[in-house]
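You will see subunit A twice below: alongside subunit B first, and alongside subunit C after that.
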Partner chain A sequence: MQYQSQSVAKPYFIAAIGLFIGQILFGLVMGLQYVMGDFLFPEIPFNVARMVHTNLLIVWLLFGFMGSAYFLVPEESERELFSPKLALLLFWIFLIAGALTILGYLLVPYATLADLTGNELLPTMGREFLEQPTITKIGIVIVALGFLFNIGMTILGGRKTVVNLVLLTGLLGLAVFFLFSFYNPVNVVDDKFYWWWVVHLWVEGVWELILGAILAFVLIKVTGVDREVIEKWLYVIIAMSLITGIIGTGHHYYWIGTPEYWQWWGSIFSAMEPIPFFMMTIFAFNMVNRRRRDHPNKAAVLWALGTAVMAFLGAGVWGFMHTLAPVNYYTHGTQITAAHGHMAFYGAYVMIVLTMISYAMPIMRGQKAANMRAQVMEMWSFWLMTVSMVFITLFLTGAGVLQTYLQRYTDDPLPFMVVQDKIEIFYWLREIAGVVFIIGLVLYVISFFVKGNEAKVVADTA
Partner chain B sequence: MPLWDKDMNESEKSLAITAEALFLFNLLLAPGLGFIALLMVYALKKSQANNLAANHLSQTVGVSLIGGVLIVCVIALIFLLGGFDSGYTWMVVVLYFTFIHSSLILMGVIGLVKALNGEHFRYPLIGKPFRA
Partner chain C sequence: MSEVFTKSMARNIYYGGSVFFIFLFLALTFDTSGKTPERDNHEAITAQVALGKQVWEENNCIGCHTLLGEGAYFAPELGNVYKRFGNSTDAIVGFIKSRPVEGVAGRRSMPQFHLSDEQLEAVAAFLKYVSEIDTAGWPPNIQG
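Up next is the complex of A and B:
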């Protein structure tokens, strides 16, 4: 490790993986509730399981992004982190606040949680993905400001590279757009309009900058390709992300009461949203093909390539599938959306965090790369999780197409619950794929504890 | 390396890149038009193409043809057998089309990367009959 303070990333990564396991467990519970409605009722009702599943995803990805930034920024800036102590303090604040929030969801009814946390003073609760009590949201803002201060001071006092400036821009955008979660107008059209400024402009806007910066950093390290080449690619990719993603927000405005012109703006710009992901795929494969060194960490290279491919498929292809207004008129809010959501989040954001962990963890444990046995197990986990996610997506897509046709397209539409019965088989298949996914995740965790000949890995590739 | 060799290599490489780019253009932006452009390049440049360019031209044209059959003909057959008025037919068509189309794009990306680096490429499975 070049800088001692990079090690503050370690607790962030460990927390991220722990919460990831929790997220998947609640995903499996929900998957079962789709076909066995009373499963764990009334202890964990479906709406609570869903809230925990999605909130844990957001929280662990934020832990992953922060850990990645704490590892990446000192190395790029060529100096120690401004304040490692502040980074550790914020870690504990975020972890405790996050854990208390999840416990609150699980232990008391949501309305009681709102009362207990003083939601009536500044009402922000009750909206999908932004269910956190207002006090937790304030905590997130404090953590984000402290984090940005720490990262920003490190970059300002050190070397400025394209990678750390793009990362900083993405993280700044993440914090700024989260502020819209405090805006909760009475008018539901206004509410939804600005709600998307958090949700869409995060995942199809500023998070793509974070993704691009982390991917570029890992590729510089594992391929040895000139920084200038990688930085040029990064410029073009993030430019395309913002050009298409910002006005692409319009694909959420088709049917919420906004003017009709959004159907045009949304369709045109979001049809171009796969472009940056397509470029990212060419970028990753090109850099690996042009590599000037054989890095011993094969698993990290696999994760990096996997990120590019799966992000293109999940965010690009599956996004395009239902993004045009005339298609979305029929498919809106069906299982096709769930299919897209699963593969896009996994491909773009889960995998980039795992790429960074795969690259950074061995270094923080004093090795250049994990031993070969551990890497083989990690690669097994890569394939199990990735292939099962492909199947989850395919089963949900099958369910979604059938649902769209039977419930909305045919001359004789069937009621929602009748259709749900007809697509039950897909939910069972999705659940089986989910079980395979968690097996992959368990292998991933075990891979950190597999012993082998670490020295040989470095010697073989030296 | 003599200057004329270097020039020849560069023109070979740019022809290979053009072929792979048109292959992707056909899949992503202008189905049909992209293929016509690829065929024109193939017809005009085939005689001048040596090893590298001939490999990429032959692969992209051949795989485009097979890909076209896999997409157009097989989907037509699915509709013929299943009928337009069945949700199950649409489900099979959407999944089948997405699978084939995405696979061709990803293979095209690898083909383009190989061309950019002046390397030969054979498309997996369906590229076998064409010049490697």
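Up next is the complex of A and C:
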């Protein structure tokens, strides 16, 4: 580790992995409720499990982004972090606020939680992904401000690299767009319109900057390719992300009461959104092929390449599949959407955080790379999680195609619940794939504790 | 990428492109906000509908259902349920009211929310309001 303060990233990464496990457990609960409707009912209704699953996902990804920033920014800035103490304080605030919110979902009915937290004063709850009580949302904003201040001061007082500036822009955008979660008009069309400014402009906008910056950083470190080359790629990729992704928001404005010209704007621009993801894949493989050194951390390289490929498949290919208005007319809000959501979130954001953890964790533990046995186990977990996510996506796609046909397309459309019964087999298969996923995740955790000869790994690749 | 295409060119595309498309997006947003009132059925928004939206949100209906195709995919689309139930708010009220506390054995179940009559009427009015938004012909048929 070049700077002592980089080690504040460690608790962030540990918390991220812990919450990741919780997310997947609740995913499995929901997967079972899909086929055994009364499972855990009425103790944990589906909507509660879903909130826990998706909110844990978002919170642990935020922990992952913050941890990545705390590790990356000092090294890029060539100075210590502005305030490691503030970083630790914010860590605990965020963890406790997050845990209390999740407990709130699980322990009291949602309406009671809304009551207890004074939702009627500033109603923001009860919208998908933004279910957090308003005070939690305010807490998130405070943590984000403190975090941005800390990172911003570090960057201002140090070397300003492209990676640093792009990361900072992405994180700033993340905080700014989150502010739209406080805008909740009664008019459903307006509500939905601005809801997407949080959700879409996050994952298909500013988060892509964060993704690009972290990927660029890890590639600089593990390949030793000239920074100039990598930074040029980074600029082009994020340029394409924003050029296509901002107007691409229109692919959510087809059927919610907004003017119909969005069918053109949305289709044309979002059809180009796969371009930056495709470039990211080319970029990652190119840099690894042109590497100037063989880094002993093989697992981190695997994660980096995996991110590029899976983000392209999940966001690019599965996104394109349902993004044109005439297709989306039939697939909107079906299992096709769930299939895409899973692979895109996993491929882009889960995997980039795991890439960074894979690269940084050994360094924070005083090694250049983990020992070979640990790395082999980590690579097994990579394949188990990634392949099972591919299968989850394929099964949901199968379910979605049939659902779309039976409920939306045939001459004699069937009711929702009847269709769900008919496609049950795909949900069973999805659940089995989910079990494989969690086995992969358990192996991932174990890999941190596998003992071996670290020095040998470094010597072998030197 | 070759030397003809330099890093500063890439940077300029990034800055120029983003700024241009942010402004284009803002312009489209401005235009949209002028045009949605023709389609968004805002005339139907009453105090009761507003209460209905609050009931909708504070019971997290979106955690199982979609509304105009957005939300969760576990239970039926509700953007057009008013029409599916024969243009009847009473049918909606009756359905929500009659959910068994312990659920339906072996079937995906909807919780019993113990809503007051006022809340029930309000959430049904809210769903009626949503069903009359002009959604460009979506969903393709009454099944949602």
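Basically, the second predicted complex is superposed on the first by the 462 of 462 C-alpha atoms of A that agree within 3 Å, B and C clash if a C-alpha of one lies under 4 Å from a C-alpha of the other, contacts with A are read in each partner's own complex, and residues count from 1 in each chain.
As a working rule, a residue touches a chain if its C-beta (ideal position, glycine included) is under 8 Å from a C-beta of that chain, and two chains touch if they have at least 3 such contacts.
Treat the numbers as computed from the prediction; the structure is a model and nothing was measured.
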Partners on subunit A (subunit B, subunit C) - clash or fit: fit
Touched partner set for A:366, first subunit B, second subunit C, both or neither: neither
Apex subunit A: angle to the C-alpha centres of subunit B and subunit C, given in degrees as a multiple of 10: 100
Touched partner set for A:326, first subunit B, second subunit C, both or neither: neither
Touching partner for A:232 - first (subunit B), second (subunit C), both, neither: second
Chain touching more of subunit A, residue-wise (subunit B, subunit C): C
Touched partner set for A:38, first subunit B, second subunit C, both or neither: second
After superposition on chain A, the shortest CA separation from subunit B to subunit C (Å): 9
Subunit C-contacting residues of subunit A that also contact subunit B: 409
Contact set on subunit C toward subunit A in their complex: 1, 5-7, 10-11, 13-14, 17-18, 21-22, 24-25, 28-29, 31-33, 35-36, 39-42, 45, 49-50, 53-54, 56-64, 66-77, 101-109, 111-113, 129-130, 133-144
Touch list for subunit A against partner subunit B, complex: 278, 281-282, 285-286, 289-290, 309, 312-313, 317-318, 321, 394, 397-398, 401-402, 405-406, 409-410
Subunit C-facing residues of subunit A, complex: 30, 33-34, 36-38, 41-42, 45-48, 50-51, 110-111, 114-115, 119-120, 123, 125-128, 131, 162, 184, 186-190, 192-193, 228-229, 231-233, 235-236, 238-239, 242-243, 246-247, 249-250, 252-260, 262-263, 265, 329-330, 332-335, 337-338, 407-409, 413-417, 420
Subunit A contact footprint on subunit B (complex, rising order): 28, 85, 87-88, 90-91, 94-95, 98, 101-102, 105-106, 109-110, 112-114, 116-117, 119
